[in-house]
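In what follows, subunit A forms one complex with subunit B and a second complex with subunit C.
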Partner chain A sequence: MERLRRYGFVAGFLAVPLVLYTVFVISPYVQAFQLALTSWNGYSSIVRYVGLDNFGRLFQDEVFWRALRNHGILLLVLPLVTILIALVFAFLLNLGGGTRGAGMKGVWGSNFYRTVFFFPQVLAVAVVGVLFQAVYRPDEDGVINGVLARFGVDPVGWLIEPDLALWSIIAVMVWQAVGFYVVLFSAGMAAIPKDYFEAAALDGANRLRLFFSITLPLLRDTVQVGWIYLGIAAFDGFALIQVLAGDKGEPDGATTILPITIYNTAFSYQKVGYASAMGVALFFLTVTFAVLTLRTTRRERVEL
Partner chain B sequence: MAPREIERPRFGVLNGLSHVALAVWALLIVAPLLWTFLASFKSNAEIFGDPLQLPGALRLDAWGRAWDTAHIGRYMLNTVIVVLFGTAGTMVFGSMAAYVLARYRFPGSRLIYYYFVAGLAFPVFLALGPLFFVVKQVGLLNSHVGLVLVYVAYSLPFTVFFLAAFFRTLPEAVAEAAQIDGASHTRTFFQIMVPMARPGLISITIFNVLGQWNQYLLPLVLLAGDPDKWVLTQGIARISTLAGYEADWPGLFAALSITILPVMIVYIIFQRQIQSGLGSGALK
Partner chain C sequence: MTHPGDITRRQLLRRIGITALAAGPGAGLLAACATAGTGGEPSAAPSTSLPASADPKNPFGVDAQKPLEVVIFSGGYGDAYAKDLHEELYRKAFAGVTVKHTATQEIGTQLRPRLIGGDAPDVINNSGPKSMDLAALAAEGHLADLASLFDAPSVDDPAKKVRDTITPAVLENAKVTGKDLVLNYTVSHRALWYNAKLFAAKGWTLPATWEEFTALGETAKKEGILLFAYPGQKGPYYQFWNVLYTAAKIGGNQVIIDIDNLVDNAWNAEPMKRAVTVWADIQAKYGDKAYFGLDHTQTQIKQLQNKVLFYPVGSWIENEMAKDKPDDFEYAIAPIPEVTGSDRMPYGAIQVGVGENFVVAAKGKNPQGGLEYLRLMLSKEGARGFTEKTKNVTVVNGAAEGVDLPAGLMSAARAQDRAGRNVITEARFEGWYKELFDYGTEQINVVMAGRITPEEFCANLQKKADAVKKDDAVTKQTRSS
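So, the complex of A and B:
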């Protein structure tokens, strides 16, 4: 009887979550893999299987390659710049005050800085996008260009110049992300025993030395987690690019990334099968990225 | 008497540079927000004038227009409804599933756990096309109910993953004592385990509220056909497009300010919990 009640309880608690998850998450994913092998347009009742044709087409699709290239840049630059800035700030905020009294302190006002830095993280990406449209306006009314004009610099087409647009967008992503990683790395730094720093400081190590010889090696795992998170965030750049650069990744596809291309192919051009093939390609890219990151950054861990 | 500790503030070059760097970054974050807020009181001419200028008068009409004509109030209400039910559903079903998977051994329990966690590996984009047709088939396209169910479903993998780890750390003894006293499994869960798991539940609730509040992609696809049901993120994107045609820039910045202000207030009140809630998600 107790056994029966136990199983009844387990089944009762699992039923709804399992059904919701299977219907809305798993079934679309399974269908996506299936649709990737078809030329379905989203409304016709006939679904024609074309085998791997979609993937063959991907290799000749110029838009796909451009999206892939931009994605690669994003994947490399976004984590690198964000982690670099965040590491330096986290170090300054937690340990930058030097050895004063008992143990290490952050610089003056570190709580204020931490609070301000983190704030963009809670803003919706769509809101950030609209905000930076005003900041980046190409004429002298833009916030940046207006300030530049005061110094006699001609207005810069931040989002219009094909060579500049992607970088402007990456800058916004860094702007939004840094605070989160400052908090993440701060938590990691708090876990490092204070006597390590004190001992090193007594031996005459300066702050640069403390950073490179103690903080960085002991923070390896946290940095690795951060790198993977940012890599995934790069895949999520959709909202920002859609708001800032429009549906097509203006100017002329210079800022298009895979999610944008998938969205357009499925919902603007009604090529659901082809879009699914892109999605599958994106999935394997994500997995490859995660595995590669774990592989290349895995070395002997420094034991505390 | 020799001083035990010399409190010698360091005014080295490095110290100066650190403060400059920190202050510059803080300014980079505050300036665009402040500018937006000020621009909502400006006239069109002032917005297109010198960007460093303060508004000439305290005009509140743009805020009224953003609220009435641009329907920012409705978008906000929609968002609050969707996020309220979405997060509540996620927490109820997520904690139930996580609890059972963490504390009960039964055939297939590991399998079901990995089945949920596998959802973390897939990018939402892969599912986007088929998801649209699934929701359409069950007749929930362009409805808040459909969006809420989809939010719950997509929040489950991380919630189950996080909470299962949390429930495993809780001591056995209390739950066993309750069972000996004759409490049912359900009662043990709601009256003993949920209160004990409060810190974990709070972290993951904050995580889900923020994630669902900021969601843009799912509503864009699932609510496309009915602008009356749109959420804030969609609304802002639309107001931004319309502002270009109607040349109502103060209205746009007022709408932005109305969206940002409540988030800012909540953030200032709960910043510790928000930072640790989002951070613990990453560190688990």
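So, the complex of A and C:
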């Protein structure tokens, strides 16, 4: 009776979210796996099973591989650059001012910078997209090209040169993400006891030494979380690329990514079965990434 | 007909706001729920054919008790023509009837689940970037047969059948997998568009040959004007159309018909290669690569500022830009100049096509009402009102008479008169094989930017066309003319 009451209480809380989650998250995933084995076109009442044909086709699909390559680049560059920049900023904001009075201080005006860094995070992705369309505009009316024109430099096609487009988009993603990770790492740094820094500073450690010998090791868990978040973000990017580059990952598919390919395949070309197969592939890619990252970065916790 | 004018930036944003939610591993699979509950039994899928009765006032036997639901794509034409005009006509014809009006930019996203779920609206304006695959809908028997509409007495003259009051191209284009299932409502004229007032002020004449075209390019260059530009963002298919129409001018409509029929090596035909080559050449010599990164609105504004001479588009451009058009700008249509000197079609040939799809749901609650609604749209009153509201001409013969048409439309009408029988056909694979068309719109930017040669462009498209031909998931369609 006692147990029933206790579990009943817990179950009462869990029931509604669990049902919602099952209906709106789990069941579409399961259905995606089922549809991946069909050639369903989105309209037909007859769903024909084609086994693993869709997956076989994936391996020969040029667009799929191009999308994978772009995900690979995103996966390497986005987390690395964002975390590096965010760490530097967070360090400067929290500890960069050195010891002043009791404990460590950030650089002068750090509260102001903190707010400024966070601004991009507040903007909706679509707004960021439209904003950067103006920034990257390939003629003299563009923000960057307008400045370049003053120095007599010819306009640069930031988003229309196949070699440049993906990097331009990564720059926007980094710009937008940094603020959040500055806040995340700041919180991590605030949790590090001040005595460590004071002790080290007394021993004559400079700021660089403080960062690498104290801050970074003690922030390891936070950085790892950030890495996984950013890795998953690298598998998305749908809205930003759709607004900035175009709905087919222009130019020449240089910015195409799986979500865009899936969306077009399912809704423009009516190949829901094949698109589901891509979705399943994306699912496994994301899971593999998360598991790998957690495994390789796992180690003994530092006891504070 | 989908053209970039259908989407404003705000609408695009809204679309992205919505689609972004569905992105990720489960992307788009929300729609998949719709499969649940469908049995494996192959359903016989006859398209419903409704007999037309002799009563000219109500040939389909509409029940005034039954409500009618109309879904309109609110793009370049807006939806006021339906709400304030066609639906009013229907209400007037059947006193006390209720008409439900829905306007959306998301035709497919909104209606696909409803059709599959058996809750179809009666009249659907299947248009815009998210329009539905009509062949797939037809295969499931979702579309009502419009033959009885075309054979019904016309509203204005009961002695005449509807089919005798409209442009014959409507009947040709009504066919989906062999049946009359779709009504194209508007007529558009596509070629190059320019500012007639600028030409008059400068004393320039329209180039009739390619030499005159490039010579004008040199002259314009000295004045700081580009001879030609198309929007590389969102609207590269304007240039894809332009190249296809140029190929048809060089080699006759058979070039496009072969491409539509997925004939082997249709893309590698000499006229096609020639058309791509001359336009890539124009882009290299007289174009500006910045336009690869501008969208249709930005490009059209540049033309309004007299920075671009010729722009490949259709007659809707005038209404689309009406708000921004300065007084010293007057839209006019220019035929594609003679390319080889022995083009199959003489100078003056332009593309005249029908567009803006309307279908009636066969499995809806009121298909009779749907057919009657289309019949009212095809009345003189319905058609003239549409022209007044949207400044675009309909397929109804003589309905625009007496309407004060803007200069651009008048120029298009005169150009059509001059073209006579030399009308360039539309490329129907745009609707039939969207994957091939989309690939073409992507590749046209690549070849125009000079990153691949015209031969490679043709070879790439041929490869894609062959892949579509082999893909049995894609319903094949053919045309003879």
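Here is the rule we use: the second predicted complex is superposed on the first by the 281 of 304 C-alpha atoms of A that agree within 3 Å, B and C clash if a C-alpha of one lies under 4 Å from a C-alpha of the other, contacts with A are read in each partner's own complex, and residues count from 1 in each chain.
To be clear about the criterion, contacts are C-beta pairs under 8 Å (C-beta built on N, C-alpha and C of every residue); 3 or more make two chains touch, one makes a residue touch a chain.
A quick note: this is a predicted structure, and the numbers were derived from the prediction, not measured.
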### Query
So, A:42: does it touch subunit B (first), subunit C (second), both, or neither?
both
### Task
Go through the superposed model and pick first if A:121 touches only subunit B, second if only subunit C, both, or neither.
first
### Message
Looking at A:222 after the superposition, I want to know if it touches subunit B, subunit C, both of them or none. Which is it: first, second, both, neither?
### Response
first
### Task
For A:187, decide between first (touching subunit B), second (touching subunit C), both and neither.
first
#### Entry: Dominant contact partner of subunit A by residue count, subunit C or subunit B
B
### Message
Quick one: is A:282 in contact with subunit B, with subunit C, with both, or with neither? Answer first, second, both or neither.
### Response
both
### Contacts of A:28 with subunit B and subunit C, given as first, second, both or neither
both
### Message
One more residue to check, A:80. First (subunit B), second (subunit C), both or neither?
### Response
neither
### Message
Quick check for you: in the superposed arrangement, does A:272 touch first (subunit B), second (subunit C), both or neither?
### Response
both
#### Entry: First (subunit B), second (subunit C), both or neither touched by A:129
both
### Query
Following superposition on chain A, which residues of subunit A contact subunit B and also contact subunit C?
25, 27-29, 31-32, 35, 42, 124-127, 129-130, 235, 238-239, 242-243, 259, 262-263, 266-267, 272, 275-276, 279-280, 282-283, 286
#### Entry: Sites on subunit B touched by subunit A in the complex
5, 7-8, 10, 14-15, 18-19, 21-22, 25-26, 28-33, 35-36, 39, 47-52, 93-94, 96-97, 99-101, 104, 106, 112, 115-116, 119, 121-123, 125-135, 138, 149-150, 152-154, 156-157, 160, 184-186, 189, 210, 213-214, 216-217, 221, 232-234, 236-237, 239-240, 252-253, 256, 259-260, 263-264, 266-268, 271, 274-275, 278-279, 282-283
### Query
For the complex, which residues does subunit A have touching subunit C?
25, 27-29, 31-32, 35, 39-47, 124-127, 129-130, 136-139, 155, 157-160, 162, 235-236, 238-239, 242-243, 246-248, 250-253, 259, 262-264, 266-276, 279-280, 282-283, 286
### Query
Touching subunit A in the complex: which residues of subunit C?
9, 12-13, 16-17, 19-20, 22-33, 35-36, 38-40, 42-43, 108-109, 112, 115-116, 129-130, 132-133, 136-137, 139-140, 142, 232-234, 288-290, 292-294, 434-435, 438, 441-442, 445-446, 449, 451, 473
### Task
Under the touch definition given earlier, write down the residues of subunit A that touch subunit B in their complex.
5-7, 9-10, 12-14, 16-18, 20-21, 23-29, 31-32, 35, 42, 85, 88-89, 92-93, 96, 98, 100-101, 107-109, 112-127, 129-135, 141-143, 146-147, 150, 175, 178-180, 183-184, 187-188, 207-208, 222, 225-226, 229, 232, 235, 238-239, 242-243, 258-259, 262-263, 266-267, 272, 275-276, 279-280, 282-283, 286-287
